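Chain lettering (A, B, C and D) follows the sequence in which the chains are written, and residue indices restart at 1 in each chain.
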Amino acid sequence: MLKLHTLKIIKQEPVAPGYQRLTLARGIAAQAGQFVQVRASETFDPFLRRPISVHDAAEDRLVLLYRTVGRGTALLAAKKAGETLDLLGPLGSSFPLTDRAQAVVVAGGIGAAPLYYLLRTLKRAGKQVSFFYGARTEAELLLREEYRALATNYSEATDDGSAGSRALVTDLAAPAIASLDATVYACGPSPMLKEVARLADYYGRSCFVSLEAQLACGVGACLGCVVPVRGQEKYRRVCVDGPVFAAGEVFFC
Amino acid sequence: MLKLHTLKIIKQEPVAPGYQRLTLARGIAAQAGQFVQVRASETFDPFLRRPISVHDAAEDRLVLLYRTVGRGTALLAAKKAGETLDLLGPLGSSFPLTDRAQAVVVAGGIGAAPLYYLLRTLKRAGKQVSFFYGARTEAELLLREEYRALATNYSEATDDGSAGSRALVTDLAAPAIASLDATVYACGPSPMLKEVARLADYYGRSCFVSLEAQLACGVGACLGCVVPVRGQEKYRRVCVDGPVFAAGEVFFC
Amino acid sequence: MTVKIAGLSLANPVMPASGCFGYGEEYAPFFDLSRLGAVVVKGTTAEPCAGNPPPRLAETTGGMLNAIGLQNPGAAAAREKIVALQQWSVPVIVNVSGHSAAQYRAVIEVLDDLSALAAYEINISCPNVKAGGMAFGTDPAVVAALVRELRCATKKPLIIKLSPNVTDVTAIARAAAEGGADALSLINTLLGMAIDIERRRPVLANLTGGLSGPAIKPVALRMVWQVTSAVEIPVIGMGGITNARDAIEFLMAGASAVAIGAANFTNPLVCPETVEGIRSYLAENGFASVREIVGLAKKEWQK
Amino acid sequence: MTVKIAGLSLANPVMPASGCFGYGEEYAPFFDLSRLGAVVVKGTTAEPCAGNPPPRLAETTGGMLNAIGLQNPGAAAAREKIVALQQWSVPVIVNVSGHSAAQYRAVIEVLDDLSALAAYEINISCPNVKAGGMAFGTDPAVVAALVRELRCATKKPLIIKLSPNVTDVTAIARAAAEGGADALSLINTLLGMAIDIERRRPVLANLTGGLSGPAIKPVALRMVWQVTSAVEIPVIGMGGITNARDAIEFLMAGASAVAIGAANFTNPLVCPETVEGIRSYLAENGFASVREIVGLAKKEWQK
């Protein structure tokens, strides 16, 4: 299934200042948690592809949600409907479903991107989902109504209190992780993931986190994107062994 | 006057397969024969600016005519009306007017680009202009009606006889150079320029040719774009001493 | 399209560069590996090696830095992967790394009976491998002695991979040739670094890393030209190749074959596309074989 | 923003690199040259020099090759141009080139009385300058002797410009420091080449040329880091700087000032923009002076 695709862009929408949602005209059989390696330019500056998670997917559609942070994402944001996008994928591991009927999903900032498809997947599987969405400010709670619609319970936290609680999203999620017999999923900044992993470990929940790293090949060949594995003198590759890992495997918690 | 400009693109028209005419929204006080250094990309691939002659100019307008041959010009051709273009100019020497009332102008291929503005300039100065336009094939006689309208006498030559005479444009121009008390101007491939220079020298006409070279800075600082000067152990810079040179200065004819 | 290097006959002159193609399996979903002239596998050491801590990568203009640190499963585990590559019936070249002559020999001892293994590429140019305080690949005498020793350890072809981080690459090349090398590979990566100005520290956990990609092509091409003028044995040229035009530059500079590294990451089809591009170029320009363009620019230059 | 290098006090740490800014006059229409920390002029030789035949340039990915061959009007004619630069009241650093110690001395003799001339940058790294068969800048003993000799020829500060085309740049740096250099400039260009596959020959009439531009930044940064760890004298860092972020990388790696070369060609305002960018960075990050970020990445690294 792994392949090089040239997909037509059917929509390129700003969803907040500095954030874009890109809709492509064909599905690539991706699962929630997987990503694609996007070629932002036909030239060699930037030289490497850019990894972007699958935000949503269907037979006839692939959706990406991304933040414009540097040259690559700026070039991506400059592409217009009608143009094509060269991408590799689907790549990497996906969020596994478990036998638990409940799920706690924790999103931090743009880490929400892959969790949309996860929420859809969990809902389709009939799970009860508590979704905790944290961001710096209200504007960065991207597509909040769409996320809200997919969750059984929906809570928001912002650093500045402009929406939801003025709290760390992990503190907001802690009671749910403590009390629900749920599988825990998280994507966001590293300190957030560590705290979610710590909570899940403490309350005995299985927990899956999606990690980021600088990639080069994206297919497991270059060994550039590794993270250390708990308790072993070994590394695992974010691009093929991840990006979704069992929290206990990658965090010393 | 020499400056860095960010000009708005008001028109980007294909004028033949592989050839574009680009119209910019503001003049830069350029003279016929001068060029601009265009930045084809915001990235560093390609790294250098691209020199393009001033095809036409007015207070409120700068027009470029170019052939898509590589990465830089392809990126330029991909720019759309409404976007801006970063350019440096006007740069280099211009075609001088002389006291002769007649002019012979010889164009080879895309070498015609700067000669359009020259024809306009000569016409405005009341000169009688014989224009010889050579190309590989009819399709590459770009904007032929517009050129024809500016010349007193207009002749065409193509390599394949698809338009005008099946002849070298220099052979077509030879009788005019021989018989008219005219100043001779030429732009085109190097063998063509040498032949025009030889003819002009033989018949005692003053002759100005526009040369090409690989440029870097375009402003005379790097000394990269030099051509040897006749009879001297010296080089001259195409970007500031040229691109228009007296033929006798640069050709050993 | 066939070329002969170090006694090997390759169907075409294009192979992936070591460390950029794993043991082949990662790129097998993209194209039929038998379209390659050869497969060059990841640097293999005697014992398993965990490699350097992350971050190991940094992007640079027109290229990238890597400090993988020779992560590999070790020679014994590599056997299987090499055998698995046999299904593509493409010659397998094993890149051998070590911290001492004994370690290089140990790799050869473990692998030498594999008929799937067509040749060794001896990596004496990894920035982390030291010998007597100086990097291995930078002292002609050390290089000649190492090659001589390995020459006795195997009957398979020995390709010595040179470092570009030296004052005079031809001296090292001559030493390798005198030591008995069948061919040379060049260049390995240029030693570089990057600083993260937000974190105010070097990007790579290893401080320095190897620079590769189109950024280094001019340096690689110069060294291939110099070395193919200095020694008689064939050279596999690499460093920044991204398409057939680049590959043809290396062939015209004197390389008998080419390897493609970092460009695989940008375009996983770069190797087969380069094979096809060279094929078209030869046909369009009336050349009957790759051999006809090897060193062609040198011949023109000497005119 | 002021920095002190080799006894000079510069208003800011940014200057154009030699050979990329002529004698300043070409860029004067673009911005007020007094906004620069210093102006470094084109490599000047004792006698006028016509330079290499064209083609002298080739574009490469993220950079360019040049083989200008030190075209310059000679020291006597350069005097005027140096004096003319005084109108900007910016320190003028004259890049001195030659084919022998005597030739370097000859340049100094002609120019030494100019009060407009703040310091010499001695270019011992031009790929075309040979001494005893080996390039000048690649032998520590030759470098130390040359610097010692020039040290006696002038009281003005001597900045020695090093070549990156060596196995161990710190050995050359130490030799220059021992010879009495006040500061070091690095890096000069990497030796490279390009081939035109249509014409089937090298692009440059000189065969090889010097590679510069962002492509070489990682190599330059690594050498600046190494050299500033090896010697006490200040270093002017250069090689691929295109904006303030790049410049800050060099400062954090240990450079006391920076020079910008090829990027002027892409953006004629790159020097003043870099000055402003550094200024903003310092202000936004609470640094009181450039000195506070010099070598900062090293301090973080050693923690």
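Operating definition for what follows: a contact is a pair of C-beta atoms (placed from the backbone, for glycine too) under 8 Å apart; a residue touches a chain by one contact, two chains touch by 3 or more.
The shown structure was predicted, so the numbers you read here are calculated from the model rather than taken from an experiment.
Distance from the centre of subunit C peaks at B, each centre being the average of the chain's Cα atoms. With each centre defined as the average position of its C-alpha atoms, the distance from subunit A to subunit C rounds to 36 Å. Averaged C-alpha coordinates give centres for subunit C and subunit D that are 33 Å from one another. Chain geometry summary: the mean Cα position of subunit A and that of subunit B are 54 Å apart. Residue positions of subunit B touching 2 or more other chains, listed in rising order: 44-46.
In subunit D, the positions touching at least two other chains are 58, 60-63, 213-214, 242. If you sketch which chains touch which, every chain touches every other chain without exception.
The touching residues of subunit D, when paired with subunit C in their complex, are 58, 60-63, 65, 138, 165-167, 190-195, 197, 199-202, 207-209, 211, 213-219, 221-222, 225, 240, 242, 245, 248-249, 252-253, 281, 296-297, 300-301.
On the side of subunit A, the complex with subunit D involves touching residues 44-45. Within the complex formed with subunit A, the residues of subunit C that make contact are 19-22, 26-27, 29-30, 42, 50-51, 53-64, 66, 68, 71, 213-214, 242, 262, 264-266, 268-269.
Taken together, the subunit B residues at the contact with subunit A in this complex read 41, 43-46, 71, 75. Of all residues in subunit D, those touching subunit A in their complex are 61-62.
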